[in-house]
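Each chain gets a letter, A, B, C, D, E and F, in the order it is written, and its residues are counted from 1.
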Amino acid sequence: MMTTRYQKGLEALNSYTDQEKGTSHFDLMKDLDSIAPDIGKYIVEFAYGDIYNRSHLDQKQRALTVLSSLITQGEGSLPQLELHINTALNAGLSEEEIVEAMIQLIPYLGFPSVINAVKQAKRVFAERSEEKVFA
Amino acid sequence: MMTTRYQKGLEALNSYTDQEKGTSHFDLMKDLDSIAPDIGKYIVEFAYGDIYNRSHLDQKQRALTVLSSLITQGEGSLPQLELHINTALNAGLSEEEIVEAMIQLIPYLGFPSVINAVKQAKRVFAERSEEKVFA
Amino acid sequence: MMTTRYQKGLEALNSYTDQEKGTSHFDLMKDLDSIAPDIGKYIVEFAYGDIYNRSHLDQKQRALTVLSSLITQGEGSLPQLELHINTALNAGLSEEEIVEAMIQLIPYLGFPSVINAVKQAKRVFAERSEEKVFA
Amino acid sequence: MMTTRYQKGLEALNSYTDQEKGTSHFDLMKDLDSIAPDIGKYIVEFAYGDIYNRSHLDQKQRALTVLSSLITQGEGSLPQLELHINTALNAGLSEEEIVEAMIQLIPYLGFPSVINAVKQAKRVFAERSEEKVFA
Amino acid sequence: MMTTRYQKGLEALNSYTDQEKGTSHFDLMKDLDSIAPDIGKYIVEFAYGDIYNRSHLDQKQRALTVLSSLITQGEGSLPQLELHINTALNAGLSEEEIVEAMIQLIPYLGFPSVINAVKQAKRVFAERSEEKVFA
Amino acid sequence: MMTTRYQKGLEALNSYTDQEKGTSHFDLMKDLDSIAPDIGKYIVEFAYGDIYNRSHLDQKQRALTVLSSLITQGEGSLPQLELHINTALNAGLSEEEIVEAMIQLIPYLGFPSVINAVKQAKRVFAERSEEKVFA
């Protein structure tokens, strides 16, 4: 039996998700469900089924690429940045690597965008560490 | 004798540069020299001396981070993107990894920005390959 | 007697406003009144008096054009997006058309900006529907 | 026999294309073919097969939505803007409607982005009119 | 007799224009004339008649404000940046002040946008200096 | 004894800071201290030590340049905009000049970004005026 794009995407998405820590794509998709359920379907099928499943880059490299793009898009994407700082940690990037990528962008974005991103990272790290304690 | 930030930066910059292939930061700095020579100095001292010399991420990760940011900034940064596709290749990323990072950004930026970046990569790869032949 | 640009603009603005539902340009203008009253004057005279009153596009097309631009400008314009989701509904676009325009932008903006916009639309639709009940 | 997403997408794309006038998505896809052929596949399958084929908005509304977004993204997307001014004309929007949508965005983007877009429209209209003469 | 907004705007625009040096708003308006003549009218009436004629900031401060915004908008606005580097020089800012404002933005925008702007300034300064010689 | 870049930067930063009114860079740096203390160090050394200390522009002109850039970057930078409205007031720009610079940007950015900025200015002015009363 053929594996559908949706099943392949769900597997990929799960491999980037730790449902016990931080917000996840599944929370987001539940929130969109009553108004635009197809968006969740496209995220699973296209973003995770088609794109994240490709070769040439490993999970940590893909997470780093997406993180760098969201930092660059500015605070407008901060809810998405929160989601992808969680994704990056789940993919195996350390807190130090995530903050370091932000600092690496100072010469390319200036301080304001980087500062906003680092403050968001601080909130996510704190949130996950509290959850760890109470889990 | 103390190593100055400028010397440290120059060493870092050299480690990302292949002066025989593609455009380099040194071409750029020469171009700025008659109007704003301090910008070249700040690139060497601050960007390369302070930032690129930090720990936690290796050269390929730093190049991937910067590349992803420049693709996200849009065609406005295409001359800079050209420079940093060269830098990424010099840092050891393969052509496949660079194009793959661009494709990974489709779900986060949409097709137009990614297409502009891939067309720029195609030009840089071709240019370097011609230079290789005639070198 | 000649109709002034201000009068013409006020009429146009009124035709896009339902003061009983959602936030309106008049709320915004009241908020700006103590610090920069001329901005409200320019909105009425230039944006509505000069621009919205032109021919070639109808009200629904103008609302769709502005909505697509604000979604593209990113979450930075979310307070303005809220205002113009209301304006679009007042101009006669349905909730389905508004969400569909957002989905249409996924290939051009990526998921993050569209998701932020859809979540904003969900809030506006809910708010207007509550107001309907209690009106 | 089931119609594949690729076939559905190709049909949709063809309905927005006039291969005798202006640049088309097929020119673009040919250009990407040697470096990243999957991008053309995703444009056909995802952008046109999944998204453009949806209901609630007609072809002219979809073209207007995309056009407004690309104008807003700035000159960085001008090669894409050129492509989608052609697409908008093929979808049935008139030259007057396209220029009017640009003018409608002055209060939301300011003059510079709109002026760049109008100059691009002027080039596309002229190019198509010459082609018409010599066809 | 009442001075119209158009006349007031034209006077303001003339005070920022040196028709013998560099490109001017009048060149731009001529270029738009065949496709969207109203844009030129709005530039004169609204931008120059209403806005540039206000109090609280002098010509040099207004030119500096606009210049900083266009640098920040990225290369997408480079044709507009060219126009407003000329405008800033006509308003009395020196070449040194203009380049210095660009350097002041490095910590807020990063190097790439600033470098693109400085290279544009270099071209404008060279062009005006040649014109001076042959005038 | 040589003055270090850090000392020079601290002096410059102090000259733009009124620790009794509004949020300051020192509040920001304290907030970043537990996660990325080097960012504060780079702000002092590079932004204030190297850049703000240069010649050709005075404090008010530098503040106006930075303010115009942050308004242009959009609401994404509003926390930074808050900081730099305070900095601009400390540098000697009046409330009227700050609001006027925002209005001057309407023709270059459109109404939405300017409105967001003016609302932020209103909050900062009110906050500082309350602090004045209770000091």
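What we mean here is this: a residue touches a chain if its C-beta (ideal position, glycine included) is under 8 Å from a C-beta of that chain, and two chains touch if they have at least 3 such contacts.
Keep in mind that what you see is a predicted model, and the values were worked out from it rather than measured.
Undergrad: If I average the CA coordinates per chain, which chain comes out farthest from chain C?
TA: Greatest centre separation from chain C goes to chain B.
Undergrad: Which one, A-D, C-E or C-F, has the same contacts as A-F for more than half of its contact pairs?
TA: Of the listed pairs A-D, C-E or C-F, the one copying the A-F interface is C-F.
Undergrad: Between chain D and chain F, tell me the centre distance in angstrom, where each centre is the average of that chain's C-alpha atoms.
TA: About 41 Å separates the centre of chain D from that of chain F.
Undergrad: Indicate the whole-number Å distance between the mean C-alpha point of chain D and the mean C-alpha point of chain E.
TA: Using C-alpha averages as centres, the distance is 31 Å.
Undergrad: Please compute the C-alpha centroid of chain C, do the same for chain D, then give the distance between them in whole Å.
TA: Roughly 25 Å, centre to centre.
Undergrad: Spell out, as numbers or ranges, the residues of chain F touching 2 or more other chains.
TA: Where chain F meets two or more other chains at a single residue, that happens at 38, 42-43, 46-47, 54, 70, 73-76, 99, 103, 105-109, 111-112.
Undergrad: So what shape is it, when you link every pair of chains that touch: line, ring, star, complete or other?
TA: Contact map by chain: complete.
Undergrad: Over in the complex, which chain D residues touch chain F? Could you list them?
TA: Touch residues, chain D against chain F: 105-112.
Undergrad: Along chain A, where are the residues that touch chain B in the complex?
TA: On the chain A side, the touching residues are 43, 46-47, 51-52, 54-57, 61-62, 64-66, 68-73, 94, 96-97, 99-101, 103-109.
Undergrad: Which residues of chain D touch chain B in the complex?
TA: Result: residues 28, 31-32, 34-36, 38-39, 42-43, 47, 70, 73-80 of chain D touch chain B.
Undergrad: Tell me, which parts of chain D touch chain E in their complex?
TA: Counting only chain D, the residues touching chain E are 74-76, 99, 102-103, 106, 111-116, 118-119, 121-122, 125.
Undergrad: For the complex, which residues does chain C have touching chain E?
TA: Chain C reaches chain E through residues 38, 42, 46, 50, 54.
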